[in-house]
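Heads up, there are several structures right after this.
What follows is a pair of complexes built around chain A, which joins chain B in one and chain C in the other.
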Partner chain A sequence: MAHRLGFAGKKLLRMVLLLLGVSLAAFLLMSASPLDPLQTNVGQAALGTMSQEQIAQLEDYWGVNDPPLERYLGWLTDVLHGDLGTSLLYRVPVTQVLAERLKNSLWLMAAAWVLSGALGLLLGTVAAACRGRWPDRLIRGWCLLISSTPAFWLAILLLMVFSVWLGWLPIGLSAPIGAQASAVTLADRLRHAILPALTLSVTGLANMTLHTREKLCDVLESDYVLFARARGESTRSILWHHGLRNMALPAITLQFGSISEIFGGSVLVEQVFSYQGLGQCAVTAGLGSDLPLLLGVTVVSAALVFGGNLIADLLYGVVDPKIRARVRAYGRKGGA
Partner chain B sequence: MDRLLNQRQRALLLSAFAALALLAVTVAGFLLSDAAMVTDFSRKNLAPCLAYPFGTDWMGRDMLARTLTGLSLSIRIGVLTAAVSAVVALAVGTAAATLGRRVDAVLSWCIDLVMGIPHILLVILISLAFGKGFVGVVAGVALSHWTSLARLLRGEVLQLRSAPYVLTAEKLGRTRLQVARDHLLPHLLPQFLTGLILLFPHAILHEASVTFLGFGLSSEQPAIGVILSESMSYLTTGKWWLAFFPGLMLVATVALFALLGDRLRRILDPATIHQ
Partner chain C sequence: MTPLLSVEHLSISFTQYDRGTRRRILPAIRDLDLTIDRGQVAAVVGSSGSGKSLLAHGILGILPYNAHMEGTITYDGAPLTPKRAAALRGREIVLVPQSVGYLDPLMKVGPQVGRDKTAVRAVLDRYGLGPETEGLYPFQLSGGMARRVLISTAVAASPALVIADEPTPGLDARAAGRILGHFRELADAGTGVLLITHDLELALTIADKVAVFYAGETVEEAPAGDFDRLEDLRHPYTRALWQALPQHGFRPIPGTQPYPGALPEGCPFAPRCPKCTSECGGDVPYRPLDGGFVRCLHPERGNAS
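For the complex of A and B:
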C-alpha cells in the first residue's frame, strides 16, 4: 500500500511540475505575441480619437508595459492563493468563467469520451473477429474516412442535415436563444448537446477501433488462442476470456490519453455550434488577446490531460495482475 | 485466390496513384490561383451546374478554382510543416537516446509537456506568438507535431543501441560514426520516412482547423479553412455547396495522404517484404 501511495505521490509531483511548465510556456508564448491587444479590442479608429491619458489607462488595463517575468510571478502568486486573475474581456474572475464553461463542456466531453470508447471497443472487436472479411474491410475503410475528416466539417454537415434541412434539432448555442437561465430545462440542454456530442464521439472513434482491432488480431494469432480453439472453446468465449483481458491495458492508456484529442475536437465543435463551452472560450480569449483567460483555459485543459494519464497509471496497478503481484512481493519484503 | 499482382505490387501501384493525384491537385491549384480571385457578380450564388461543378459564392467566384487553390496551399504548407516537424523529431529523439540520462530526462519532460497541452490549443498559442498569418500557422503546426515521432525514434534508438549486432560492431572497433551510418541509419530510415508521411494528414487537418478558427491564414487567401468558415454564414440560407464540396475535397486529400503513408509503411517494413 505504501508503495502504491509513493508511486501516486511521485506521479502527482511530476504532474504539478508539468503544469507549472505548461503555464510558463503558455505565458511566454502569449507575451511574445506581436499582436497589440489594444488594436484588436479597441480598434484603430477608436484609438485615433483617444487622448494620450486614455490610451495609457487602457495600456495599463491590458498590461502592455509590464515586464513579462514580473507579470508571470504575480500571476503565479495569485494562483497559489486560488485566484486565477480577472478576465479582461468578460470583466469577471477567470475562475467564474471557467467554472461555468467547464460545466457545459464537461458533459459534452464525458458523453463523447464514453461513447467513442465503448463503440470503438465494440467495432474493433467485430473487425478483429471477422478479420480479412467484408465487415473488417468496411470498418477499416470507415475509420480511414473519419480520421481524415476534420471535426468542424463534420459538425457543419450534421448542422446542415439535422438543423437546416430536417429542422429536428436546434441550430446552435447550449440553451434556447433569449430564454432566461432559470427557464432552461434539462431537456433543452440535452437537445442542444446532441449534435455536438455526436460529432465529437464520431471523430474520436477511429483511433480506439483500429487499436483494438490490431491488438485483438495479435492475440487471436497467438499460441494460447490456438490451444484454446483446439480445446473447443467458441470464438465468443475466446474473445471474452483471452482477448479482452489481454488488450485491456493498452486500451486504458489509449482511452485516458484521448482526453487531449477530445478537448481539441471540442474547441472546433463548440465553435461551429456556438456552444458556450471551454473550447469556445479558448477561441474567444485567443482572438481577443485575453491573457488571463487563455492561460486559465490552457492550465485547466492540461490538468485534465495529465489527470487522465495519472488515472491510467494508477489503474494499471489495479488491472494488471503482474504489477499487483510485484507490489505484493514488495510489501512482503518491506514488512519483513 | 488467383491474383494478377501480389500485395507489394498493388501497394506500390496504389501509392503511385495517390502521389500522382496529390501532385495533380497541387499543380492545378497553383495554375488556378488567379482564376480563384476573379469576382463576377453576374454569376453569383449559382448552385453546382456543368459550367461550375462546385457552384459559385456570393461574389461570383468559382468554387472549384477556390477549392483547388486552397488545397494546393494546404498541401504545400503540410509538406513544409511535416518536414520541419520530422527533422525536429529526429534531432530530439536521437539526442534523448544517445546523450546520456540527464539529457534524456530533460527532453522526455519536454515531450510530456508539449503533449500535455491539447494540440489545437498549442497551435493557437504558437500561432499567436508569431503574430498569426502564414508564419504563425506554419510555426504552430511545425512546432507542435514532433512529439510522438520523437518518442518513437527515441525508443527505437535505445533498443538498437543495445542490440547484439550493434554491440558486436562496437567491440570490433568500428567508430561511432560508422556504426551510426551502417547499422542505425538503415534501420531508422523506414520508420522516419513513414513517420514523416503520416505527419502530413495531421498537419493539413490542423492547418485547416486553425485557419477555420481565425488564427491562421488571413481571410483574403482562398484557404480551405477560410472557405469553410465563410460558408458558415450562408448555411441557414441553404447554400450547402459552399461547405460541402471544399470539405469533401479536403477529406479526400487527407485520406490519400494517410493511404500513401500506410502503403509505404508496408512496402518499407522488412517484416512484410515477402507478402
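For the complex of A and C:
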C-alpha cells in the first residue's frame, strides 16, 4: 500500500512539473511569436480608423505591453485559484470553450483510438499467423504505404471520395451547419466524426499492426510455443492461449502511448475537416494570440497524454506477473 | 516383441540462405538409428550443439518449416507419419523440455501442467510439489522445482513414450540424480524413455542402453553394461568419451567435432581417430557387433580388423 501511494505521489509530482514546463514553453513561444495580436484580430484597416486611446485600450486587452513574466505569473496565480481565465477571442471563460471542444475531440479520438487498436491487433495477428505468405505481405505492404502517407493528404483524399464525389458524408464541422446545439442528434455527431476518425486512426493502425505482427512472430518462434506444439496444442489454441497473453503487454503500452500521436494528428485532421475540436482550437488560439485559451488547451492536452502514459504504466503492473510479484514483495517489505 | 519406437536412417537437414541469396543445405542429422523398448531408458549421448534436440522435434513432428526429414520412424508397429505424430504428441508421446523457458512466462504453472485440476494436483503431489506451486509463474520456480514441474507436464498425460531433452542442466550432481531417478521410475512402470543428453556419466546412472552421436551420426549403440570396461566399447569415439570421464582419468580427446556444413568425406571422426586408414575416407556402414552396433571400419572391440 505504502508503495502504491509512493508511486502515485511520484507520478503526481511529475505531472505537475510537466504541466508547468509545458505551459511555460507555450507561453514563451507565444511571446516570441512575430504575430501582432492587434493586426491579426482587429485588422490593419480597422486599426487605422481608431484613435490612440482606443488602440491603447485594445493593447491593454490583448496584454501587449505587460512584461511577459508578469503575465505568466498572473495566469499561474489564477490557475491555482481554479480560474483558467477568459478567452480573448470568444469572450467566454476558457473552461467553457475547452469543455465543448474537448467533448467533440474525445468522441473523435476515442473512436480513432479504439478503431486503430482493435483493427491493428486483428490485422497484426492475421499477418503473423500467415507469416511469409500473401496475406502477410499484403498487410505489411499496406501498412508501409499508409504510414508513409501524410495524414492531411489522406484526409483530403477521403473528403474528395466520400463527401464530394459520392456525397455520402458531410464535408466538415462536427455538427450540421446552422443547427441548434439542442437539435444535434447522436447520429449527426457520428456521421460527422466518421471521416476524421478514420483518417486519425490510420497512422496508429499501421503502427499497431506492424508491432503486433512483429511481437507475435517472436512469440510463435519462442521455445514455449514449440513446447505447446509438442504437447499437441493446435495453432488456434496457441494463438489464443499464448499469443494474446504475451502480446498484450507491449500492445497495451503502445496503445496508451499512442494517445499523444492521436492528439498530434487530431490538430491536423480537425483543421482539414473544420471539425470543432481541441486540436483546431489550439490552431485558432495560437494564430489569434489568444493566450489564456492556448495555455488552457496546452495544459489539457498535456494532461491527456500524461494520463494515457500513466494508464499504460499502471496496466503494465496488472498484466505482468513479474512486476506484480515485485510490487507485492516490495509492499511486504515496506509495510513491515 | 516389436520395439516401442524405432528410428532408421533418420536425416534432418536445413535449408539456409547465405547472405540472402545463396541457398545451402545444412545436414544436422545425417544417419541416426535407434530403438527403444517399453520399460527401457535409451540415452542418446552427444556433445552440446550436435543437433540432438532435433531428434526429439523430428519424432514429435514439430520441426521448423525450413527443415527436411528423411528416414523411417516406426512407433508401436506402424509408421509415425506427420499426421499420426500430430495425433499422438502430448498424449502418448510427450516431451520434457530443457528449461522453464519452454513454459509460457505469463501463465501460472497449474494450468500449464494440465487442464484437469485433480489430475494436476495428483501429479504435482507425486513429485513433492505442494498446492502453492500451481499458483506460481515459471520465473518463480527454483531450478529443481522447475525440473519437476516440467516432468509433471509430461506425466500428467500418462504417456507411453517420454522424450527428455537434456533434463538436468544447471543442477548439481545430487539433484540431477534425483531427477533422473524419476525417469527410471517411469521406465520401471513400463514407459519407454528417450534421454537426450551430453552427459555420458549421468546417462549411465539410469540408461539401459546408450547410443553415441557424433557429427550427425550414431557411431555406436551399446548396452549400458558395456561401459563398465573400456575393452567392451566398440567405437574409438566412444572410447575417447569414456576416457574423458573423471573416474577414468579425465583425458580429453584433441580436436573438435566438425561443423555440419564442413564434414569430411567418409568417416567424420577420421581427423581425430588414431586408427584411421585410407579406407576410412570411403563408405562406413552401421553394423551389428557383439550385441550392439558400430559405425567403424576398424572397431576396437575384439580387434576385428
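Just so it is clear, the second predicted complex is superposed on the first by the 333 of 336 C-alpha atoms of A that agree within 3 Å, B and C clash if a C-alpha of one lies under 4 Å from a C-alpha of the other, contacts with A are read in each partner's own complex, and residues count from 1 in each chain.
Here, a contact is a pair of C-beta atoms (placed from the backbone, for glycine too) under 8 Å apart; a residue touches a chain by one contact, two chains touch by 3 or more.
Everything quoted here is computed from the prediction, not taken from an experiment.
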Chain B versus chain C as contact partner of A:Gln96, first or second or both or neither: neither
First, second, both or neither for A:Ser237, with chain B first and chain C second: neither
Partner chain in contact with A:Gln57 - chain B first, chain C second, else both or neither: neither
Which partner, chain B or chain C, touches more chain A residues: B
Contacts of A:Asp223 with chain B and chain C, given as first, second, both or neither: second
First (chain B), second (chain C), both or neither touched by A:Thr77: neither
Partner chain in contact with A:Gln271 - chain B first, chain C second, else both or neither: first
Residue ranges of chain A in contact with chain C within the complex: 223-224, 226-233, 241-242, 245-246, 249, 319-322, 325
Residue ranges of chain B touching chain A (in the complex, touch as defined): 109, 112-113, 115-121, 124-126, 128-132, 201, 205, 208-209, 212-215, 228, 231-232, 235-236, 238, 240, 243-244, 247, 250-252, 254-255, 258-259
Complex contacts: residues of chain A adjacent to chain B: 17-19, 21-22, 25-26, 28-30, 32-35, 144-145, 147-153, 156-157, 159-160, 164, 171, 260-261, 263-264, 267-268, 271-272, 282-283, 286-287, 289, 294, 297-298, 301-302, 305-306
Chain C residues touching chain A - in the complex, by the definition given at the top: 57, 60, 62, 86-91, 94-95, 97, 99, 101-107, 137, 139-140, 153, 157
